[in-house]
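Below is one structure, written out as structure tokens, with a few remarks after it.
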Amino acid sequence: MSVITRILDKNVVKQLPKRAAAYYSNKPNIEEDIGEFRVLYLKTSKAQAFTKKKYQKPEVLPPRSNEMPVDQNWGNVWPGPRTFHPATVPLPLRQGYVSKGSPPDKYANAELMKIPNFLHLTPPVIERQCAALKKFCTPWPKALSNDELCEKHFPFEVISSNYCHSSPSIRDPMARIVTIKFKLNDLKFDEKSRDKYLRLVGDRYNSETGYVTIVTDRCPTQKQNYDYAMYLVTALYHESWNVEAWEELKTEADMEKYIWENNESKKSVEKLFGKNSEDIAESKQYANAVINFMNEGESDYTLANYGDSVRILLGLPAKTNVL
Amino acid sequence: MALVKTLANLKSVQILTNKLAALSVVQQNGMSMYPPYYINPIFKKDAQVELFENGEAQKLAHIPTKAALIDQTCSIYYDDDIRLFRNYIMRSGRKSLARELLDKAFEKVKRSQLEKFHKAKTEEDKNKIVLDPREVFHMAVDNCKPVLFLTPIKRGGVKYQVPVPITEKKSQFLSMKWLIEAATDKERTVHFPEKLAYELIDASNNTGRVVKRKQDLHRQCEANRAYAHYRWS
Amino acid sequence: MLKVVSKEVLGARLPKNIRALCVATHSQKFRTSEDKPSYHSSSNSAQYYKIPQDIRNQLFAHGGIPKSYNIQTKSFAETCLMVREPSLDIINCIKSIDYSKPVNRFVLYGKKGSGKSLALAHVVHYGLETGHLILHVPWVGQWMRYCKEYSNSELKPGNVDINLDAANWLVHFKTQNAHVLSNADLVIGQDYVWSKREKTQKGAHILELIEHGISRVKYASSCVLGLCMEIKELSKKGKCKTMVAIDGYNGFFYPKTRVYTEKKEMVPPSKVTVTEGFLEVTKFDWNNAVCVLTVDEIASAKEDQLSHMPKYLLGKEGFEHLDPFIPVAVNEYTDKEFTSCMEYYRERKWVQPAPGQDEELSFLSGSNPYKLMQICAGL
Amino acid sequence: MLRKFNARLLQLSNNAACTQLVSKLPLCTSAPIEDANKKVVSKAMKAYLERAKEHDEFMAQKNLEFQIGKRHLANMMGENPETFTQEDVDNAISYLFPSGLFEKKARPLMKPPEEVFPQRKAAEFDLMGRPHHFLFYTGKPNFYKLLYDIVERVNECNRYEDAMNRKSIQRDPNLVLEMSGYQWLDKDALEKQCVEGINDKEYNNFKDAMERLTKLPYSYKVKDFIMEYSRPLMMQTKTHDVPELQYDKDGKAFITTYECLRKRARADVTVSSPGTGKITINGEGINYFDDIHCREQLLFPLIFTNLHKNVDVVANVEGGGPAGQAGAIRWGIAWSLRSFVDQEIVEKMRIAGLLTRDYRIRERKKPGQAGARKKFTWKKR
Amino acid sequence: MRTFAALLAARGARKETSVPYQEILPLKLKQRVSGKGDNSSDVCCIQEMSLMLACFKLNEFDQSLCSKEVQNFSKCYQGHLQTKQKQKEMDEKGILRMGERNLSHKQLNKYLRKFPNI
């Protein structure tokens, strides 16, 4: 107990006067209550003469969103695409990540302005626009119920794009491009003309789908490009039926296909048996195997096929399947 | 052996995980791409079986493992020592060349052992010949391992060569290094695999240059044994 | 939900003695005691047969077995070949050949290291056994890409001789056909004038031609050419049955060679003297013979090794030269062949038995015989 | 000085004899308890109350804004504002403001203010300015209380151990607290729980104390306490979900793993079962790789799971060298095989390092030196 | 003579009391020790080593004949390494144990912090 009293004595009792002084000094000063005493300045100083005018911030109006009724027509407030504006959007949005504290709000938040927004394409707005457009649409012809029918009656597919947007010019350079698509089989060809057509068309023909695609974009307007495409289609068709004099000079090396009759293979078989190939019983299937082998390229399958036919031709026993 | 290693891993893991939170920006494991608490993979099948039997695997369930290296597999032909040896042979990262050389050396070992095998008259002699080149390799490395080595220590301005015991790891390294050095020290006409095969067979029979080198080292140690108490680290 | 559970296998470890037992029980089937190829049938497929030492010396003393396998035979202390499907197939066909008809050409093809040369060796062994005169070229690439020496031909201006190789081949031919060449009927059908003083008379024994080529190396190439022609004529006359076996036949059609003229211009294979002879004997315009050829990527330069298929390797010219031929595929080991091979290796102590070894090795090698041999070498 | 004195006093305040003494002394500037009715409150309290009022007003304002905003949003989206939930709000915001930012927290949001603004600490002292908490003057009362609690638990365990020893009862060895699957609360979480800032040293102290507690033989007695301050670690195998098997037309099960990366190589790997162990790499077989060690790498996951005879592998790989490509395919095979094996083997594969993506890549060369690390030879001049 | 005496007087053999003592550092020992002198000698297994070397010499350095000695030696060294490792860990942590003689500097510092000499 004595320890405590000693400590108390040391810390508290000795400091009591100080504390008391501090206590009373906190009391309100009586003189101050009367008011400020005017001072008479006899000598004007420079500092006194010039008082800096305080900068007044221009008054900022409260955001427009405060006045908005909650059942307003939003499509009228935000009719078209536009960068985000905090005062117009009545949502307490926030964006950004800070490690401590809350994310920054929408005012002066550049991040919100950077990202795209769909404020002009809210569901009710889209609905309204669709409804407005509807009266300009005609019903789909009933006869063209499926894709096959469409393709049958309209084998020619013309694809072009029109653009409508709010740039200074109403023309878009992309609008001039015209693409024409049709199936090659819809054109009537014989073997030779078809071959020539394919050579003329080049990589515009897709052998997997059977479509020819012609893209024209060299003229300045869509109309011109369309006309040019039509011209191309016609010209290509008729040109492929033409036969030029030099086309007769085609040799074996220029052939795109292997034709057994024209080749060394036939000669050697004839020489081997000493008679015409028509007289050799097995020559037919041998010829087929060689043609296959040559046209489809070398693979284990075609080669084995070739081997088998040679065995039959030469009268050798078929390949024994060991195992 | 593998188990001892895994246990060592485990310990280090515990220590590392404890330290993990204290880690701030600087990683403590050098330039490694893996965080320090990753453990080395245990990919040998028998090592894993042991791991699961003694329940250590349970503790590993929460610790991520590093990816197995490109020359580590669980194949029956995988051997840690041989992998090490191959990497010692390797120069400037040409691992496939190193592998080719070592495989050729093993082939040579096998051929010459087989030749001896076919020449041997009695069954007893035949049984004595080790035909597995990998076994030959292990025998050779074991036979070349020194038990002591000399380290220079300065005392009173004079350098003394003091015999010092050697750790298992360093002894193995020296043994492999000597084998490779012996194989590189050759004429131009002889190829590395041939020479290496020759050295391996010699060393496995406890003869040859490398074993002699080891014995020479031991001899020197014996001569300097009086300085043995000079050692301090 | 399909879940393949593999539990017990993860820990599969067998003690050594049990391993040894496993190996001992299901062996023995990988060998056949039948060492005559003519008796080999599909029941012997995937089995090894031993070539007797004397026959080996006669047939393959100067090549015929690839170098890597040759080393292997030394380590194994015996020469064994596996009876495989392609060679069986060819032997089977040869058995049924009507020799009066034009020559049949068999072309062995397959990926690198799939065993084409060894299949050819098997067929050659068969040829020896059935008393064929064997016209065996161990490796055309040796002539076209690694020839020992070349010089402009004197007898055929514009051509290039590879005399040392040709002489070597003549020696090879002589040893291989020692049994047939003793036949007195084999006589030359025309005069060969080598120089003013040297000539070989019509009606001389064919051995004289060979001997001349060996002793006068300068004329070796022309001798080879002459020999081919003579053999063709003799076969036509029915004096002998011939088997033409050429390894790396596409070398004769691969345009890039390492044979040069004296002006260091590259020589196409058609301008190398020996080529003509071998092209002649692979035509179908003769009879009493059979051709077995192999086409191999390795006979062409590295940058042209794009496919192992015969038409690619032979080119248009080569294909038309051979057409119609019988392609025979040499594939990778089947499972049965693979196990048999591994059994053989184990029996020869080439690999030490270990559990799970076969599966692992078959995966690593892709069942390719040469790759398997390479991988096993280091184990 | 005063503060120190107060602390001293507080230590003593447990002693009942002293309380009288303390209350009698006019220590603080505030008036004694009897005058509490006159609504004289301490300065600290006054400040606090002001702050609290301000905060409440602020929150009310924000709440109102949020409610109005929500109605606006419902109106924009053409929905009924009464049934417009927070989930709808989030969906609407992500539709109206499609942000592609990687960090999800950084995307635009509209949340109730309680979630947006951080919580404030409530008053820790009464109207007179006297703290509620006995450790108030440590500055971090909650944290030090936690340490204090830990020591309490340690003592408790020790006492229990002594009692057991006296009774000579052996401890049941099965009742061990297994902490291998747990991790202590991290610093941020602890700070949040204590609502106090904690520095690294203090956090280490906390961890050391907890570890000492768990190491005691009878620590399982205070398991609940320990668990409160630890979080279970995720099983490594469960860090990624194993995908369900897909089936093709023939009823074959398969899994395709896209983007298997290693070094500069990139592969797409399809594993299908049942199969025969056939491997196809860019249309070729195993021969695609010349080197054996690359082939071994492909074999590694297959032989490890013993499925090398039961599955087929198709891989398309591009970029990099052979080793990188083999590594990429190895990872792809292992990653796909998870769907074909059971959980135990997945764990085994993980321990074998098959399921870890190898991120190591070539280190770039630095300017001013010969290589990535190698320096030029030092030349004096 | 006189001048010399005068010189002496001028230079003045100062009295001890006239030079005030200045305490630059506190006049007591610090509460810590540095770890500089902690490196202890690492000599071990001398006995085993000499036995082994003697055996080597006897058998013409054929290691197989001295396997027992080699084993003893390596075992001794392994044990030594282990104890060293353990000691190091202890030192690192600075754990105090009762009745330990050779204290590391970390342990000493810990003691000094607990029982400072005033």
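Things to note:
In this document, chain identifiers A, B, C, D and E correspond to the written order of the chains, with residue numbering beginning at 1 in each.
Everything below uses one rule, namely that contacts are C-beta pairs under 8 Å (C-beta built on N, C-alpha and C of every residue); 3 or more make two chains touch, one makes a residue touch a chain.
Composition by chain, UniProt nomenclature: A = 28S ribosomal protein S35, mitochondrial; B = 28S ribosomal protein S7, mitochondrial; C = Small ribosomal subunit protein mS29; D = 28S ribosomal protein S9, mitochondrial; E = Coiled-coil-helix-coiled-coil-helix domain-containing protein 1.
Only a predicted model underlies this, so the values are computations on that prediction, with no experimental measurement involved.
Under the contact definition, chain B and chain C share the contacting chains D.
Ranking every chain by how far its Cα centroid lies from the centroid of chain B, the top place goes to A. With centres computed from Cα atoms alone, the innermost chain of the structure is B.
Relative to the C-alpha centre of chain E, the farthest chain centre belongs to C.
Set side by side, B-E and A-D show the greater C-beta contact count at A-D. A straight line joining the Cα centres of chain A and chain D is 38 Å long.
The centroid of the Cα atoms in chain B and the matching centroid in chain D are 41 Å apart. Chain centres here are Cα means. That of chain A falls 60 Å from that of chain C. Each chain gets a centre from the mean of its Cα atoms; for chain C and chain D, those two points are 70 Å apart.
For chain C, residues that reach two or more other chains under the stated contact definition are 10, 356, 360. In chain E, no residue touches at least two other chains. Residue positions of chain B with contacts to 2 or more other chains are 45, 48, 75. Every pair of chains meeting the touch criterion is listed here: A-C, A-D, B-C, B-D, B-E, C-D.
Within the complex formed with chain E, the chain B residues making contact are 143, 147-148, 163, 165, 167-168, 206, 215, 218-219, 221-222, 225, 228-229, 231-233.
Taken in their complex, chain D has these residues touching chain B: 180-181, 184, 186-187, 200, 203-204, 207, 211, 233-237, 291-293, 296-297, 299-300, 303-304, 323, 326-327, 331, 347-348, 350-354, 356-360, 363. On the chain D side of its complex with chain A, the touching residues are 1, 5, 8, 12, 18, 21, 25, 27, 29, 62, 65-66, 68-69, 71-73, 75-78, 81, 93, 95-100, 103, 105-111, 116-118.
For chain C in complex with chain D, the residues that touch the partner chain are 1-7, 9-10, 111, 356, 359-360, 363-364, 366, 368, 375.
The part of chain A that touches chain C in the complex is made up of residues 264-265, 268-269, 271-272, 286, 290, 293, 298-300, 303-304, 306-307, 310-311, 313-317, 319-320, 322-323.
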